[in-house]
Every structure is written in C-alpha cells, then in structure tokens.
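In the two assemblies presented below, chain A is common to both, partnered first by chain B and then by chain C.
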Partner chain A sequence: MTGAKRRPEDLAILGGDPLFTSPRPIGQLDAPPVEDYLRILRRSFESRRLTNDGPAVQELEQRLCDWHQVGNCISVANAALGLTMLMQLASRGRPGDVAMPAFSFRGLPHLARWAGQTPLFCDVDPATHTLDPADVADRMTDRTNSILAVCNFNDPGDLEGLGELARRRGAPLIIDSVYGFGATHRGRPLGGFGTAEVFSLHATKLLNGFEGGYITTNDDALATALRWQRNFALPGLRPDGLELDHVLGLNAKLNELHAAMALAGLDRVDSIIEGNKARHQAYLEQVDPIPGLALMPCDDSRDRRGFQLAILDVGSPWPLTRDETLKLLRAEGAAVGPYYSPPLHVADARGESVARLPVSEVLARRFVQLPVGELVSLDDIRAIGALLRSVSEHGDAVRARLGRV
Partner chain B sequence: MTGAKRRPEDLAILGGDPLFTSPRPIGQLDAPPVEDYLRILRRSFESRRLTNDGPAVQELEQRLCDWHQVGNCISVANAALGLTMLMQLASRGRPGDVAMPAFSFRGLPHLARWAGQTPLFCDVDPATHTLDPADVADRMTDRTNSILAVCNFNDPGDLEGLGELARRRGAPLIIDSVYGFGATHRGRPLGGFGTAEVFSLHATKLLNGFEGGYITTNDDALATALRWQRNFALPGLRPDGLELDHVLGLNAKLNELHAAMALAGLDRVDSIIEGNKARHQAYLEQVDPIPGLALMPCDDSRDRRGFQLAILDVGSPWPLTRDETLKLLRAEGAAVGPYYSPPLHVADARGESVARLPVSEVLARRFVQLPVGELVSLDDIRAIGALLRSVSEHGDAVRARLGRV
Partner chain C sequence: MGAGRTIAALGGAPAFTAPLHVAQVNLPPWEDVEAAFRGIFERRWFANHGPLVRDLDEAFAEATGARHAVCVTNGTVALMVMARALELSGEVIAPSFTFPATVQALQWAGLTPVLCDVEPDTQMISTRTVEPLIGERTCGVLGVHTWGRACDPDGLAELCDRRGLALVFDACHGVGCTHDGRPLGNFGVGEAFSFHATKVLNGAEGGCITTNDADFAARLRTIRSFHGPETFADVPTRLNAKMSEAQAALALLSLRDLETNIQANLSRYRRYADGLAGLPGLSLVRYDQREQNNHQYVVVEVDEPAFGLSRDQLLAALEAENILCRRHFFPGVHRARPDLRQVAELPNTDRLCGRLIQLPTGQAMSPDDATRVAEAIQDIHASRAALIAQTRQ
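And now, the complex of A and B:
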C-alpha cells in the first residue's frame, strides 16, 4: 500500500501511484488451511467415487438440510443451473413469463430464457430493494409461470407478501438466496421459504466450494424431480408416481471436489461472518462522516445477516458522480463495481415490452460495490476511507482536474 | 472373484454366488498417483485463483489446442453444457430443429430442447452406426438450424459427407466427440472437424478431470462468442465487432480443480489407450469363438482409436436374448448396460412427428456395453469369457431354468 493521498495529484486517476499494488476483490474468497482441504480430498480421491452422488456430496446435502432446517437439499453444478432447472420445472413445459426484479443480477433474464420463458421485469421496494409484491401483482398475467425473487445480502425481502401472492395466483415462488446464506428471516434460516431456494458455493460466496450450488425445498416431489433432472433425466432412472413429461434433463451434478471444499468451510461460517461484520463496521466508521456518502445499512439486531457485501451510497454533496467514483477507486486498485446496474429491463430487454420501473432506475444509478472478503484488511478499508475523505475535502479541485468544472 | 461356473446353477441369476463381489464399471476411471494430483492442486489452491480463467484452465486450453491441432479450445463445466451452448448459438435465437442420430446418447434430445430447438431424429449408417448424411439430407428442412453428429468410439463417421451437407444447406455441423478423444480421422486428430467439436472430462471418460468438458473450433468468432456466453454473457464484457444479440449466457465455466486433474492425465493418454487396447484384445479372444457372440470391431490400423468401450454383439445361436444377457451379467456384478438403447425417437419423442428409423431400431436391440476401464483386469475379462462359454455350452438348460423353453 502506498502512503496517504493529501493532494489531488496523488490520486491514481490523476497520475499518482495506485493505493493497492494488487487488486482488492469484491468476493469472499475464503479458504480453509490447505492441509485440511488436501486431507479431505485425498479421502474422496482414494475412494474413486468422484462424481454422481459420492459420499462427500451426500454428507454435504445432509448437513445443509440441517443448517437450513429444510427437508431436502439438492446439490447442483452451480446456482445458475439450479435457478434454470426450477424455472423449467415451474413452467411445466409451457412458454410463459417469469416475474423477476429489474434491480438484480445480470444473469437472471438469460436463465429464464434458457428455461423457455420470457423475463417479466418488475420493480423493487424503495426501502428493501427487493421484489415488490404489489408491483408483481399488477404486472403478472395467466402467462406468468413462476415468480423469481432475489434475497439481498442485507434484506431477504417481503417473503410473506410474495408467498401469499404466489399461492393466490398458483405460480411457484423461486428464491435466489445466493446472498441469503447465513441469514435468518423472522428467526428461521433462509432455505425453507417459497417453493424452493437456490444457494451458491462459488469461491466468491460465503460458503466456498470453488464452484457449485444447491437447491433447498420442503416439497419432496419437487426434490425427486430435481434429482432426476440434474442427471440427464435418464429414462431408466425415472422416478415412479410423478407427472414428469415436461422435465428437461441436463448434467448439473456437483462432484466430490466441490462438496469436500464446502464441507471444509461449513465449520468456519461463524468466523467468516464475524470477519465480514468487522469489515462492515470499519467501512461504516470511515464512510459515514463523509458528506454525501453512506454505507448501505445491514441490520442484524433481529435477524442474522452474512454481511457479504459492502455497498457505498453516493449522493450530494459528494463531489463526484457514481461512475466517476467507480473510476477513481478502480484506478487505485480497488476492484469495485456498480451494484445491480444498469437495471435489467434497460440492459437486457430483447423485444419484450418493457415498462418504466422508476424505483429500479433510480437505485441503479446510486451504488458502488466496495472491496470485501478475506483478501481485504481493516487497514485497506481505512486507506479507502482516507482517500475518500481527501477527495471530499478537495472536491472542487478534483472535479476541475477531472475536466468537469 | 469366485471360482469357475461349470453348471447352470452356478450362475448368479440362478442362485449362485456372483462372479464379482464389487461391481465392475463401464467407465474409464483413470486417476493419476494421488501425490501428483495433490501437488498440482496445492499450486492452484495457494494462488487463490480457483475459477474464472485461472492458470490451470489457461494451460489446459493451450495444451488441448496443441493436442487436437485446432485454433481454439474453450473449457466448459461439462460436455452437455458445451453441446447446448453450440446448439443455442447455431439457432441464432430462432426456434427450429437440430438433426441428430436416433442411435445415440439419451441426453441429446433434452439438450436440444434447452437450446429452444426440437430434435429431428435421423437414421444411422448400418456399417459405422453414425449419422447418415443421406438420411439427414432427406429429412432436414429450412427449420433445421444445426446438425449434431456423434463420433462413436470405433468410428468418427462420415465427417466429409456431413461437412459437405452442412455447407450446402448452411447449417453448422456440431460434433459430439466425447468418444473421439485419442482418435484420428484420415490422419488428423479429432477436434478440428465440423463447425465445432465437444469433448468430455468426466471421470468415466478417457481424459479424467472428475467433471468438465471443452469445445474445440477453428472459428475464432465462434470461440469469442462461446467465451462470453459461458460467463453469463455479461454486458460489461461483451466482445466488440460480433453480432451477438441472440446469445444466451449461463455459468459454464470450468474451474481449476478440474483443469488440474485433466492436466495431470494428459501425459498418461498413451498408456491409458494401451491398457484399453489390451482389454479390447482380451475380450476379442474370449468372445469371438463363442457362437452368436462378437465384439464390435475397433480398427486402428489406419487411424488411432481410444478403445474406450467394449460392445458385445448378441445374435443367433447365442441362447439368450440381449436383455436376458444384460440380466445374466448384472447378476454376476458386471455393471453392464444396453448400448444406445432404446433409440431416441422411440424413447424420447415429445409430440414431435417421428418417422420409422429402421437401422437405429435394429441396432438398438443388439448390443451390450461390457465393463471396461482401469478397474477391470484381464483376469476379470477372462472370467466373463468363461462364464459366457459356460452359458453357450449349456444353452438349453440355462434357457429352461430361466423359465423360457
């Protein structure tokens, strides 16, 4: 790390040395001690049972059922495939729509299309930033085959309102809970809400399996269908007694290497969250006093939160726009990104008729996703804070030097 | 292994002890010495670059380009996703058909449907058992967006005839080359034929990455589109200068664990094929003298072959039907299966109009896939041979005991 940046010309964007010589990432990137992991791997390796429901996969699924207090856990090759499988099953093979928040992850509209569905973009609640049941109720039609809600890192959203709407309109409620791992909602762990939830085991997520994901559900018939679907829906393995003619099979199996890695991580979840919370607190102390900047709140006083992300809210009188702030921080070696921006209905409509979604459009202009995770130290966060304070103090000069007076 | 089976009542299906106490599999299941693998893994692990184009993935892709003598290698999470991605790209987003052999792997029709396409089942050549260009030419229409050919373990098929048809009719030729690894066609390695080829790194395949796969192509623009597609087709990473509005993104990235495993296997390919060929030869010696049985030939006198499978051809005067032979061998602990049976147009049509495909229908009744791979010894094969001889010698008695006189 280079020294303090007292003058505008010290900023990397204006020609100074960058604050960080190696980029500070925005993912969790937790890893167990290498020897622990190699010991687990050796066991899988020597059993020669490397894929197709091996012992580590079975143990992981059982432990995650307990963790999430849910009846079924179906591991999959990644969370995106899990969401796609659920939307395909929910469609029962009929073309139609999937209602989803426009203020969310870029990949979602594509996944709906793989499932033969059209994304129906809906607006989010201005306070929680999660799918607004009232807006979904207004937009959904008889063509809407499922509702895809997204659990944000700081708020799972109105799961009761969405669940009630889903029941009333007969559309399964699928929840993308990638950022809900480690969180509870009204005292119950995420994992047992809606028709099914999907979690990720990607290296950037709280529970790291290098790659991978899993689906949780209390619907036993759905779990049986998913297990069959993830292994090509092979005719010889077709489960009895279920209406399955619409199921499209694929290869979405998780294998032992990923399951072993995730198992090695499960015991460290509490300490990972503790670290996340300490970084969150450090950001809060740095950012809060700076005029126009705020850290997106994450309140764990009533329910547990995983504190996976740190989101900077950029507004007046902070001297730079959100996009200038992104460039400023990137030049310093912070691998920052815009948070859920641009909104999906703006960035990814493909001929679908697209309504204005005012809340999503406003929110998508505001936020910067800050560096987080195991590779970001409290000193890094203090250095980012000092940098932001310096920019705030020299606002007019920095703006002028950036050619914007 | 139990002793010789001289009398019908020694057969496991008639109450005797099974030949094998642990099942003999039908997959390759090669593995490097565990220490070699853990050494490679330690390097990946300590780099903390576990996914998203890490060093092992890059090295593997480069080495596979050299291996296949092809311009581009795009690793993917599994071969099924690779085929699905190619069919989706080939469709350019239009609904339509994919011409494919009816005598092939069960998963293929599902993969076409994920890509928004309908399978167009075509017949195979009676000699090579691979997609027959003349039959495809008769059946394909303006709706046919691509041709999916499948390379069999003993014959890649009429790649010139299919290539010529594909060019003439303007439909990309996608080749499922999962069983083409290690093989050449007219002196050139598989990998550079058609528009693109797809290989598997599943543990049961010749090159074992535990899971995973890759696409090879000499079409640079296609390679660029595939790299974008496999990482969610994220708008911020959209490549310049390509027409990409129809691309559906997904998560199909291969990660370091699998790439490291496949790298550890690449140096052993020659010795793996040598072992396969020795097993093939042993089966030939056992099976060939038995009336009504034959081993499906695999000729490497002009071109290299990987000898991945051993397929038993069951006919008169062998005393049992193909399905009885399957039951007989399964009872003995041999994890045998029917080879490409039932044919896809019979097993997996979903409202598509389906023609009679006489060659596929006849072939699908004939073959048994025998145990192969690293976990099957030459002694195992001799024991299977002795068993089959005994059944042949006591044909009438065995048939009578099975309740079929």
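And now, the complex of A and C:
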C-alpha cells in the first residue's frame, strides 16, 4: 500500500501511484487450510467417486439440511442452474413469465429465458430494495408462472407478503438467497421460505465451493423432481407417483472437487461472518462522517446477517458522481463495481420500450460495491477511508482536475 | 473358470468379488493432484476465468487442432451453450438413439428437436435418414459421434450446406478420436465434448466446445459467463457455464495422461475382442483401424436368436457375476419423451435399444479382468439352456 494521499495529484486517476498494488476484490474468497481440503478430497479419490452423488456431496447435503433447518437440500453445479431448474419446473412446460425484481443480479432475466420463460420486471421497495409484493400484484397476469424474489445481503425482503401473494395467485415463490446465506428471518434460518430457495457455493460467496450451489425446500415432491431433473431426468430412474411429464432434465450435478471445498469451509462460517462484520464496522467508521457518503446499513440486532457486501451510497454533497467514484477507486486498485446497475429492465431491453420502474431506476444510480472479503484488511479499509476523506476535503479541486482528464 | 463353471445366475460363485462398473474414472496419481491443488490455494484463484481454465482452453484447442476451445461446467452445458450460440429458432434434427442430454440441450436453448433414425451399421444419423425430415422450420442438424466414431461429417456438411442448415456435433464420446485422420472437434460449426469422470478425459465434471469459427467462438465465450470483461459478442442470453480451477486442474492432468489411458483402454478392448471371438450372435462394435479412437466404450450387440439369450437376460446374468453393464442407450429418446415430435418410425433405433450392451472398462480394471469378463460371457452362453429353463420355472 502506498502512503497517504493528501493532494489531488496523488490520486491514481490523476497520475499518482495506486493505493493498492494488487487489486482488492469484491468477493469473499475464503479458503480453508489446504490440508483440510485435501483430506476430504482424498476420501472421494479413494472411493473412486468424483461425481454422481459421491461421498462429499452426500455429506454436504445432509449438513446443509441441518444448517438451514430444512427438509431437503439438492446440490447443483451452480446457483444459476438451480434457479433455471426451478423456473422450468414452475412453468410446468408452459410458456409464460417470471416476475422478478428489476434491481438485482444481471443474470436473472437470462436464466428465465433458458427456462423457456420471459422476465417480468417489477419494482422494489425503496427502503429494503427487495421485490415489492404490491408492484408484483399489479403487474402479474395469468401468464405469470412463478415469482422470483431475491434476498439482499442486508435484508431478505417481504417474504410474508410475497408468500401470501404467491399462494393467492397460485404461482410458486422461488427465492434467490445467494446473499442470504448465514442470515435468519424472524428468527428462522433462511432456506425454508417460499417454495424453494437457492444458494451459491461460488468462491466469491460466503461458503466457497469453487463453483456450485444448492436448492433448499420443505416440499418433498419438489425435491424428488429436482433430484431427477439434475441427473438428466433419466427414464430408468423416473420416480413413481408424481406428475413429471413437463420436467426437462439436464446435468446439474455438483462434483466432489467442489463439494469437498464447501465441506471444508462449513465450520468456518461463523468466523467468516465475524470478519465480515468487523470490516463492515470499519467501513462504517470511515465512511459515515464524510459528507454525502453513507454505508448501506446492515442491522443484525434482531436477525442474523452474513455481511457479504459493503455498499457505498453516493449522494450530495460528495463532489463526484457515482460513476466517477467508481473510476477513482478502480484506479487505486480497488476492484469496485456498480451495485445492481443498470437496472435489469434497462439492461435487458433490446430496442423495445420498457416499463418505468422508478424506484429501481433511482437506486441503480446510487451505489458502489466496495472491496470485501478475506483479501481486504482493516488497514485497507482505513486507507480507502483516508482517500475518500481527502477527495471530500479537496472536492472542488478534484472535480476541476477530473473535468480536464 | 471356463468349461464346467457354474455361473452365478445358476448358483455358482460370482466371477468377481467386487463389482465392475462401466466407467473410465481415470485418476491421475494422487501426488500430482495434491500438487495441483496446492497451487490453486497458493494463487487463491478458484473460479472466474482463472489461469488453469485458460491453460485448458489452449491445451484442448491444441489437442484437437481446433482454433478455439471453450471449457464449461459439463458436457450437457457445453451442448446447451453451443446450441444457444447458433442464435437460431426452429427445428433441429437429432438422433433418438443418444443420451437424453443431446436432445434436452436443444430444448434448453429454445430449439425444437426432431428425432431421426440411425443407420443400423454405424448406429448414427446419415444424410439418408436426415434429408426426408428437413422441412420449412428446420434450421440445423445435431449429429452425435456415437462411441467416438465420426457421424458422417462430410456427407452431413454437404447436405447442410446445400439446404442452408447449421451443423453441429455432440462429441461427448469423442475425445482423442479422428475422422480421416483429423481429430474430432473440427467438423460442423461447433462440437461439444464431455470431461465427465466416466469419460476418457476426466475433469470430475466438465465439458468443452471447439470451433474454427472466430465469431462463433466469441459468442461461446460470451455466453459462458455474465461478466462484463468476458463480453466478446452481442448475445441476448448468457449463463454461468464456467468451469472451475479445480476441474481444470484435474482435466489438465488427465489430458497429460490421455495417451496412456487410451492405450490401457485399447489393451482391454483387445482382450474383449479375443475373448468374445467366435461367439455366435454376439458382435463387438468395431473401430476403423485407420482412425484413432479412445476405446472408452466396449459395446456388444446381442442377436437373441443366434446367441440364445436376450440382451436383458445376458445383462441379468452378468450382474449376478458382479459385472455391472449398461443398456446404453435405452430407451430411445422417442420412447422416453412422448411430447417430442417424431416424424417417422424409428425402427433401427428401437432395434439397437433392445440389443446393445456396454461392457465395463476403465482404470479400475486390468486386461486380465477384461479376459475374465469375456470368459464369463462364454460361460453364460454355454449355460443358456439351463438359464432359460430356470427362468421358465
């Protein structure tokens, strides 16, 4: 790390040395001790089972059922495939649409299309930034085959309101809980809400399984269908007594290399969350005194949170726009990104006119996703804070010089 | 064993004390695996376009001679991404005599499969079986290189060119195989491979698409992830189809060992060929000596009247010997998926689905094991009358 940046010309974007010589990422990137990993992996090698429901996958699914206090855990090759499978099952093979938040992960509309569905973008709640049941109720039609809600890192959303709407309208509620790992809702761990929830085991997420994911559900028949679907819906393994003609199979199996990693990480989750919370607190102390900047709050006084992300809210009188702030930080070696921006209904539009979703459109202009995870130290966060203070103090000068760049 | 042995199905001791499976599971030496994974942990780069995936993309392109190779999650996902990269809508003609994923991948990509019969000898689709199915909505043909034997790349290319159709191949059986001396991976606009643990090249799970078309490659690479810096073409629908560094580490070791593993398959295959020679009604799927094949599949066709037992009777008797074979492919996709459009009867498919059996081969088996399996089949054949009598009781 380079020294304090007291003058505008010290900023990397204005020609100074970058603050960080190696990029500070925005993902968790936890790693268990390699010996722990190899010990678990070796067991799979010795049993000559590297996939197809191997020993690590079986143990992982069992332990995740306990973790989430849920009846079924179906591991998958990644969360995107898990969401796609659920949307395909929910459609019962009919073309139609999937109601989803416009302020969310950019992949969601793509996954709906893989499932033979059309995304139906809905607005989010201005306070929680999660799918607004009232807006979904207004927009959904008889063609709406499922509702896809998304848990944000700081708030799972109105799961009761969405659940009630889903029941009333007869559409399954699928919850993307990738950022809900480690969180509870009204005292219960996420995993047992809605029709099914989907979690990720991607390396940038709280529980690292290289790539991977899993689906949780208390619906035993759905779990049976999903297990069959992820293994090609093989005719010889078709479960009895279920209506499964519409199920489109694929290979969505989690392999042992990945399951072993997630198993090695599972005991580390509490300490990972502690580290995340300490970084969150450090950001809070650094950022909140700066005029125009705020850290998106993450309240764990009533329910547990995983603190997977740190989101900077950029507004007046901070001297730079959100996009300028992104460029400023990237130049310093902070691998920051815009948070859920542009909104999905804008990003996904291909020429056609789109509905106005005012809350999503405003939110999508505001936030910067800050570096987090195991490769970001508290000193790094203090250095980012000092940099931001310096920019704030020399706001006019920085603005003027940036204008000339 | 040999003459006079009581086969297990008639109460004798099984030929094998531990079960034999149809699966390659070619594991590299543990020390090499361990070293590769220590490297990943040191770099702390686990996913997202890491150095080992880049290496594997290059190494597999080099191994096939194709200009581009794009490694992905698994073979089915490779087929899905390849189908999506065609950017077509409408019908694609594909065999019914195939693994279900061939046809499922088309549906995931929004295409409509039209199931086609195969030739009885090659067990694959041909210009003769494809051409009558071409209609107004047909946009492409998906050939399958079944057992790693090429699916008439020249004839189908000529037909597709003439009729303005896209041609792609399911090469999930095809690592290390050639057509006219040229590796599979260079035919059609794209070819999809599998690196599943049961295949000759093992990435635990894994797959890859090869192409010689730069635009097609740009679409494949873009569809592989949602990442901005990995955007090389304007494609409407992307996926998380990424292979991890863990899969790539294993697949690179397996690619290094590929020739050794193919030779081991070949030596087992030869033992089968010797051991089954002269048995009436049982014919081993043969490979063209002028081409390379990975010999990961040992497939026999059972002609019930000549052999004296049906395929399923042989299968059950082998199972009693702890020899766990497979009915690959059974049933045909058209039997399992009545919702799919089937333009014509598929008699050759039905016939093959009732007659083929896949025998075990893989790293866990020695050449002598293959000889013992062949002997067990001889014994079962010799005991066929008693077996049938037992079934009737």
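Assume the second predicted complex is superposed on the first by the 399 of 405 C-alpha atoms of A that agree within 3 Å, B and C clash if a C-alpha of one lies under 4 Å from a C-alpha of the other, contacts with A are read in each partner's own complex, and residues count from 1 in each chain.
The criterion applied here is as follows: a contact is a pair of C-beta atoms (placed from the backbone, for glycine too) under 8 Å apart; a residue touches a chain by one contact, two chains touch by 3 or more.
Keep in mind it's a predicted model, so treat the numbers as computed, not measured.
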| item | value |
| --- | --- |
| Clash or fit, chain B versus chain C on superposed chain A | clash |
| Touched partner set for A:80, first chain B, second chain C, both or neither | both |
| First, second, both or neither for A:113, with chain B first and chain C second | both |
| First (chain B), second (chain C), both or neither touched by A:347 | first |
| Contact residues common to both interfaces of chain A (with chain B and with chain C) | 29, 31, 34, 37-38, 41-42, 45, 48, 50-51, 77-81, 106-107, 110-111, 113-114, 116, 202-203, 210-211, 232-235, 245, 248-251, 253, 255-258, 350, 375 |
| Interface residues, chain A side, partner chain C - complex | 29, 31, 34, 37-38, 41-42, 45, 48, 50-52, 77-81, 93, 106-107, 110-111, 113-114, 116, 202-204, 208, 210-211, 232-236, 245, 248-251, 253, 255-258, 261, 350, 375 |
| Complex contacts: residues of chain B adjacent to chain A | 29, 31, 34, 37-38, 41-42, 45-46, 48, 50-51, 77-81, 84, 88, 106-107, 110-111, 113-114, 116, 202-203, 210-211, 232-235, 245, 248-251, 253, 255-258, 342, 347-348, 350, 375 |
| Residue ranges of chain C touching chain A (in the complex, touch as defined) | 25, 27, 30, 33-34, 37-38, 41, 44, 46-48, 73-77, 80, 99-101, 104-105, 107-110, 196-197, 202, 204-205, 226, 236-240, 242-247, 250, 330-331, 335-336, 339, 364 |
